[in-house]
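Some structures are shown below for you to check.
In what comes next, chain A is part of two complexes: it sits with chain B in the first one and with chain C in the second one.
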Partner chain A sequence: MRRSQIKMGETMGILIIFFFLVIFGFSFYTNIQKWTFEQQKRVNLELNIIKLYQRAKFMSEFQCSFKDISVDNCYDMYKLQAFEQLIDKEDGVKDYYINMFGTSQINIVEIYPGNAKYYIYNNSIGSYTYKEVVGIPISIYNATSKRYALGLLNITVYSR
Partner chain B sequence: MKKAQFEVIGLLMIVILISLGVLFVIQFVIQGGNSDLKSSHVEAEFASSFLNAFIETTAEDCYEQQMKSLIHDFISVGHENHAFQVSCNNLGTPISSYRYVNQTAHQILDKTLFRNNRAFEFKISWDAGGLEYMNINQSLSRCKSSLREEIKKITLPVDGKNINIYLRLCE
Partner chain C sequence: MEKKAAIEIQFNWMFVLIVGVIIFIFFTRITMKYQEVSESKIAISVLANVDTIATGAASSRDTDQIIDIPNVNMKISSTEDCYRTYKIGGNNRRLEDVFIFSPDEIEGNKLIFWTLDWSIPYRIANLVFLTSPLVKYVIVGDSGLANEVNSMLDSGLGVPLAIEQRATPGDISLVPDHNHYQVRFVFFGFDPDGVSVSQFEDMPDKDVTAIQIIPDGTTFEETGTIRFFEKEADVLRPVTDGTTYYLKKEAMYGALFSGNKYIYNCNMKAAFERLRFVSQLYQNRSILLNNIYSAQSLACANYYSQACCNDANPRILTIRDLAEDMAREFPRDLQDMNDMYTVAYNEDSDFSLEGIKQLNNHVLYYSCPEIY
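Entry: the complex of A and B
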């Protein structure tokens, strides 16, 4: 082999390694970007569920109130029942809440002493990529018997 | 400088660049774990909401008393002095308010934290007097290695004592 051929071989080798590194770097960068995007989606979903929880927590539609003063962490049983019927039967009501709760599901389950269930909102999607669930303890107040039950406010958020 | 020295410097630069790349990947893998945004917020909310909801809950069959009144009762007459406490469970075999609160707390925790296999501690105590009236817990050993824990307490004044009700949640 001549010296020039060896030089040529060296240059080719260097070029191959260089392109290999470029391709590897590019695919690595793409994967990192994809992963970051997925992470960001997840963070957004988490922020969304916190936002929904805050909204549901302070909704005067079902919050307990005594002498026009709302009580934190307390839901009125009769308001929940009325809301359940309203959102289910009245036209346009669900559409209004879609803007507020998006693709999520909200229900309240009594865990002590009874086991009543209140389906507040349901706009779940069939095929989802991510799902986040939270269950926060709340009081459910029965204004007739003046008793407080303990329940869980369950919120599920879906994302494609 | 000789040619060989230039080559050594070139090799060193390559090694430094590759090491930097590896360090970047390692840092990314370590730091880029799951976000704890939701869990930190939800844990804090869960603990405080649980305590507030628990003390407000009306007993199923104990003269329409709320848990806070029953706690007040067994602390003011002495938690081991069952005979002088309000006699609950008026639908079945009577039990003292202390046992009733304990049983109810278990019942509620069974459907929440026990079911989800969470590491937690629920405690009613008088810290100033060094007295612990009730302690229900699960997998507390996990709290030692836990990255985050949430402790919430509410205070009930009973006969001049500040009774604390705690809920400690570990990741």
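Entry: the complex of A and C
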């Protein structure tokens, strides 16, 4: 074999190894990015559940109010019942709240003394990749008997 | 032999040059792509943060806060068919359920958020006002309302808003140009048409704007007309179809912070949509309470019945229907605003004409559950 051919072979070898390392490094970087993206998706889902909780917590549609002053973590029983009727029967209402709550499920369960259940919103999806559930203790106010009940606000968020 | 060696040397140089160029292009592309991705990452993270902060701000009433963000240029737009978005670089997000009144562009590294509760008479939502300390607001006029707005924005807010007041349009020439990227004039009692703003002549026309607020005396200035103006050369001129209306002073502040008529009208349309649904909810609730109290023949039943089911004056249904009309088409006319205000707040001594707020006061007097 001639010297020049050996030299050429060496150069080709170095280049092959160089590009192999570049491709390997790039694929490693891509995989790391993919993993970070998945992590970010998870973080976003958690952020989303906080956002939904903030919305559900302060919405005038559910909140107790006395003389125009809203009470934190208190849900008016008659408003919940009225909302159930509203979202079930009125045209366009569900579409409106889909923009607000997305693919999630929100319900309120009375724990003590009764066991009433209020289905606020349901837009769950069949096949999901992630699902986050959060339950927050709340009080449910009966405006006619002026009594409070202990309840749980359950929020489930889905993501593909 | 020498000829062969010469060809080999030349070939080597060609080879090194081609491979060098390929490697150089490869790394340049990677660097450019990385820069693009980094910018996009910052934009997405700022958009997500603004979204979270706006949701948080919209959840608490009467608050103000100043937020530090990376120095980016954020554009807020509403199209004619009310597709509301905010955008940084090539990344944008749709505004869904938050009512954000803001200039069409936010520059700098600080955001000012202010929220006010919008109730008619029951709470509908918090209106969010978003602006930058680099936007200048000039109140023109010295009426009671002008002074109220100036003191609210100047000392009532805990955030540094660039604001000043001038008694007449003639005093506008005294307003110094401090290189704010946008200037908004707010006229009370004067027509801005033809008013000179020559010191801002060099700024783009769309960045020097004005609104004229014409409050309606019959509703204690809680409703009124708003006209939008924009600079043309060195004077203010009315914007085509720039007349709109407000219901409650909180909405008037919405117009004051809105960069253009689309941002204001589209946010109000969305707010009326929400008013429609909230009204229907109170209608359902009043029917439930009416049924319970009528069965026991209690005095309060009459007030619930007046609110939900009086055929001649079904208050909540009237508000719902007017809200539905305005959610479909806004602006309509001032009379719609006045009608809605009357149904909500009328203090007429005739029981059948009393507004919802009065009816609510009656049920409170009898210690019954409030209508709202």
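The working rule: the second predicted complex is superposed on the first by the 136 of 160 C-alpha atoms of A that agree within 3 Å, B and C clash if a C-alpha of one lies under 4 Å from a C-alpha of the other, contacts with A are read in each partner's own complex, and residues count from 1 in each chain.
Please note the rule applied: contacts are C-beta pairs under 8 Å (C-beta built on N, C-alpha and C of every residue); 3 or more make two chains touch, one makes a residue touch a chain.
In this text, all values refer to a predicted model and were calculated from it rather than measured experimentally.
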Looking at the overlay, does A:A149 come into contact with chain B only (first), chain C only (second), both, or neither?
first
Of the two partner chains, chain B (first) and chain C (second), which one does A:L47 touch, if any: first, second, both, or neither?
both
Does the superposition put A:Q39 against chain B (first), chain C (second), both, or neither?
first
Return first, second, both or neither, reflecting whether A:N99 touches chain B, chain C, both chains, or no partner chain.
second
Which superposed partner A:S139 touches (first chain B, second chain C, both, neither):
first
Thinking of the overlay built on chain A, is A:A116 touched by chain B (first), by chain C (second), by both, or by neither?
neither
Identify the residues of chain A that lie in both the chain B contact region and the chain C contact region.
47, 50
Could you list, by residue number, the parts of chain C that touch chain A in their complex?
8, 15, 19, 26, 48, 51-52, 55-56, 58-61, 96-97, 119, 122-125, 273-274, 277-278, 280-282, 284-285, 288-289, 292, 364, 369-370, 372
Seen from chain A, its contact residues with chain B in the complex are 28, 32, 35-36, 39, 42-43, 46-47, 49-50, 53, 72-74, 111-113, 132, 134-139, 146-152
Over in the complex, which chain B residues touch chain A? Could you list them?
25, 28, 32, 34-35, 37-38, 41-42, 45-46, 49-50, 52-54, 56-58, 60, 64, 66, 104, 107-108, 111-112
Chain C contact footprint on chain A (complex, rising order)
4, 11, 15, 22, 44, 47, 50-51, 54-55, 57-58, 60-61, 65-68, 70, 78-79, 81-83, 85-86, 90, 93, 96, 99-100, 143-144
